[in-house]
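Each of the next two complexes has chain A plus one other chain: chain B in the first, chain C in the second.
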Partner chain A sequence: MKSSRAAWWFLAPLLCLVAVFAIYPLVRMLVLSFTTQNLETQFAPVFAGAANYQRAWHDSHFWETVLRTLVFTVTAVGLELLLGLAAALALHHSFVGRGLARTAALVPWVLPSSALALGWIWIFNDQFGVLNDLLQRGGLLSSPVAWLGHPGSAFAAVILADVWKTTPFLTLLLLAGLQTIPTELYAASALDGASRWQQFRHITLPLLRPVIFVAVLFRTLQSFGIFDLVYVMTGGGPGGATETVALYTYRNFMRYLDFGYGAALLVISSGILALLTAALWLLVGRGRSLS
Partner chain B sequence: MEPDGRGVWRALFDEFHRRNPDIRVRAVEGPASTDAREDMYVNALLAGSQDYDLVYADTIWIPKFAAAGWLVDLTDLWPAEKWASFSEAALAGGTYKDRIYRVPTQLNAGILYYRKDLLDRLGVAPPRTYDELADIARRAEAPVNGFVWQGKQYEGLTCNFLEVLRGYGGFWIEGGEVGLDRPEAEKALEFLCRAVGTISPKGVTTYAEEESRLLFQSGRALFLRNWPYVSNLLAEAELPPGFEVGITPLPAPTFGGAGFAILSSSRSPEAALRFLEFVSSPEAVRLLYDRGGVQPALKSFYENTDDPRQRALYAAMQNAAPRPALPQYARASDILQRQVSAALTGQKAPREALRQAALETRQLLARP
Partner chain C sequence: MKRLPIRLVSVLLLTGFLAWCLAPLWWQFVTSLKSDAEITTVPPTYWPHRLTTDHYAALFERRPFGRYLWNSFFISTGATLLCLAVATPAAYSLARLRPKGGRAVAALLIAVSLFPAITFFFPLYEMVRFLGLANHPISLIVPYATFNLPLAVLFLVAFFRTIPPAIEEAGLMDGLGRLGILTRLILPLSAPGLATTAILVFIASWNEFLLALTFLPRDEARTVTVAIASLSGGSIYELPWGQIGAAILLSAAPLLVLVAFFQRRIVAGLTQSATTG
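Now for the complex of A and B:
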């Protein structure tokens, strides 16, 4: 009894932090979402019932951004997981220059997204861009393409930029996971005549599952909130083809100063994220036991 | 305010301190992006902060900030003659509902740059309409593009489209009316859509200011629509041999300059006003121009200059018109950008895009 009281004291600072920086803003946002607070009310909150939610329900533009962001998240995180796993497996084996390779692999992750986005703009430029130059030299293109000027290729370009930047994050987490798997398991299975693929399928993957779950969860939450890369690279264009939930919500808050409505959009987004997390848990997170 | 990389504003504050030893100006440098700077002010103002006395404000913030009650009405603080010493375009860019909220410090508007050497060789005068421009631009020979402008989905696209729209005699929002589904608007958007891939490179739909400037500066464009900052850069740059820059007015340039406004929450409005008096004095304007190339908004500067480039710039900008002075401007602009960009990139027919934009804009204006 006494020790549990001591534990609460030790936890208190952290709980305070969580209350101030996580719970309070969430509650505040929820309250705000039931008010109208914008230029017309001179920023005084006026109770509006569920009006903001009704408006959001009929805001087809918002739902387009939700769908687009979901497609973005699934595609980007899926690619990052595949590439990150491959890179982690490669870096797990010892080879000459492994330390350097591990460090180099992290570089994209530590660079600021908005600066990278400016770089990507020039890479994809139709007149000066290195991508068009390479493709034309390789004979794959006859005339330059404005990659950010078409809805499909602009969307793909943003995914590419995101995958390039955040694959190292998955590599890092998965590599740490790989290193916790006891080597004895591989030795024993080799004695039993297991092939490389069987080892990967029956030892590596199951033991890595908890790490994969955490890594994918982190990336899904982050990716659903993608903002900086899109904001700088395309501004949501062309014709709104790369506008994400975060960009649209930001506009409602900061550019239109429509706080009640922006809060409602945030609450809805949070609900969608909660559903995503639950789905991930059912798909990957369950059953951590060694089967 | 904007980042002061070259110490231009620092020099101005030093001079102000020398003349006004009882006042200290503390400048807060924000991010380079105008939108990010607006976020910085909005955050502080919403939180009821009294950290700022003055805002270095972009023209499109004024209606929103004034409607929110954040700005001091300056109209009666200075006599009409003093206000008349500023360029009309720059003054209009700080006006909301006939009241003046901002002292302009920068004249900034859309300008048509052209290759004087190439136009001379073709034996044609600079164009006065978009149709004339297209006729000349069609004669540009590869690898020189005809006409480069800013077609990326962002505020610059609004400025570009608004110029063409007004150039064809149309209007966007005037007196509560929306003109986007009128024939003039359709003509304007069709002009830009036709330009993409013909007189303009296909990539123009991804360009902001710098992409288009570099294309022109590298000698690969006959015409460039851009802001006056390009003129200074071109004057300093090493240009390809034979390259001669011409400056001519656009049919209907969009205004976009910055200036200072006093915040209602200011604790020292008198000191702020004295700073505004200083910053609009010919000496301060001269200092900002000499040290940092800040394009003056005072008429007298252009009347007294011998520099033909400055005279041409003034002639090109003096008739610039501001964007609609609406508190909901940001939303109206986003609606327009999205639809125009969709039409330019072939996702929608111009007429369909404009009808949608008109519909959404009317809904926006009708909202209580």
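Now for the complex of A and C:
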């Protein structure tokens, strides 16, 4: 009895902080989404029922950003997983400089995204950029390209920047996962005449699935909410070609000062995130609890 | 004889991996050491003809870059200390005192950590405005500490479980209360776990962008991640690339030092949640 009371005293500061600075904001967003609070109402909250949601439903610009963010997320996380898995398998079997590889892998992960975004602008620069120079030297490009000046290439550039930053992180997670697989399994299956591919398909992949699920879930949520990299690298441009949900929502709050509508967009995005989580759960994570 | 090619292949793989990880930052480093004239030569030079530290000096002489670094350091340190102070007793409670409903608390923490920062920023901004705390470091310290609680608590719970319970039983015998056991017996044994948590929280706080962008409108109050994004020259067509390169290096420097010294800890901290869970 006494011990249980102590237990809750120890949890009290945590619960206070979480309640005030995490739970309250979530509730506040939900409430705000049912009001109109903008320039027209002189920032006084006016109950609006589902008007914000109806407006969002017909806001084709919003749904374009949702679709774009989904394409971004699927492409970026897919590439990261493929590259990360390949790198992890390669590094797992190599004994040279694993510590060095681990330190290097932390460099992209640790860099501030906003700083990194500026770095990429410079690398992708049309006149003086190093990427154009390298591609021209390699004979892959005949004249310089303004990578961030065209919708398609700007979108690809943002994906590349994101893949660069997060692949090493995924590599580290998968490498740690690989190290938990007992080597006897491979030895035994080799005796049974299993090929390298069969071993990968029937031992490595199934045993790695829990790690892949956590990594992909974490990356999907992060990627769908991406803000800083895009905000600094392209500002959503050119012509809105790289505008993500978070950027559009931020604009509704801080530029259009349309708080009720911004809140509704956030609630809808959270719903989409919940659907994504459920989809991932069904695809990869079945049979495993989150904690 | 067969080992040689395998060795060669793994060296090549490693080199490729290192190049992928380091090249973009390396290019900023090279740029930051070039003169303005050399930065705008076509084709670009891959190592400066003449090394210069002018861009680094300019950041401190012509801009309050030292101030930005200090702001980031102060806010990140404050957030780290607050986060640890709150997470440590909570994690101890969940790991050892196991109150009824403890699992619900852990589930709540995980649920909260799934939302991106943009979900929280506006209500927090309202609070900051209401309390008149815009531009004040506390407006970021408290939210950063809160956002990092899930990671800190879950990591520390796992760490506390590795400490033998016999130590606490001895403490109870000696008449120490739960608080005494935590501060006198558990904490001294937990230095490694606390250090790992502190490093991860510090890095996350240093790198946060969205709240820092919104809550600190005044230039001298800015953190380095936001200040760097607003570096500009006379017009958008003449961005000071040398200074930007130098600023990128400097904004990353404290974190690179942490990575260099605590590589093992950081990797262990990052991978633990995904592999043991």
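By our rule, the second predicted complex is superposed on the first by the 262 of 291 C-alpha atoms of A that agree within 3 Å, B and C clash if a C-alpha of one lies under 4 Å from a C-alpha of the other, contacts with A are read in each partner's own complex, and residues count from 1 in each chain.
In the analysis below, a residue touches a chain if its C-beta (ideal position, glycine included) is under 8 Å from a C-beta of that chain, and two chains touch if they have at least 3 such contacts.
Predicted, not measured: the structure shown is a model, and the values here were computed from it.
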item	value
Superposed partners chain B and chain C on chain A - clash or fit	clash
Partner chain(s) touched by A:W57 [first = chain B, second = chain C, both, neither]	neither
If touched residues of chain A are counted for chain B and for chain C, the larger one	C
Touched partner set for A:H150, first chain B, second chain C, both or neither	first
Which superposed partner A:Q127 touches (first chain B, second chain C, both, neither)	both
First, second, both or neither for A:W281, with chain B first and chain C second	neither
First, second, both or neither for A:G239, with chain B first and chain C second	first
Touched partner set for A:F43, first chain B, second chain C, both or neither	first
Partner chain(s) touched by A:Q222 [first = chain B, second = chain C, both, neither]	second
Which of chain B and chain C A:P210 touches, first, second, both or neither	second
Touched partner set for A:M254, first chain B, second chain C, both or neither	both
Contact residues of chain A, present in both the chain B and the chain C interface	121, 127-128, 254
Chain C residues touching chain A - in the complex, by the definition given at the top	7, 9-11, 13-14, 17-18, 20-22, 24-25, 27-28, 31, 39-44, 85-87, 89-90, 92-94, 97-100, 102-103, 105-110, 112, 114-124, 126, 142-143, 145-147, 149, 153-154, 177-179, 182, 203, 206-207, 209-210, 213-214, 224-226, 228-229, 231, 239, 241, 244-245, 247-248, 251-252, 255-256, 258-260, 263-264, 266-267, 270-271, 273-275, 277
Residue ranges of chain A touching chain B (in the complex, touch as defined)	39-40, 42-43, 121, 124-128, 144-151, 234-241, 243, 251, 254-257
Parts of chain A lying in touch with chain C, wherever the complex brings them together	3-4, 6-8, 10-11, 13-15, 17-18, 21-26, 28-29, 32, 87, 90-91, 93-97, 99-108, 110-123, 127-130, 133, 136-137, 164, 167-169, 172-173, 175-177, 180, 210-211, 214-215, 218, 221-222, 224-225, 227-228, 231-232, 246, 249-250, 253-254, 259, 262-263, 266, 269-270, 273, 277, 290-291
Contact set on chain B toward chain A in their complex	35, 38-39, 42, 46, 64, 67-69, 152-154, 201-206, 211, 214-215, 220, 327-328, 330-331, 334, 337-339, 341-345, 347-348, 368
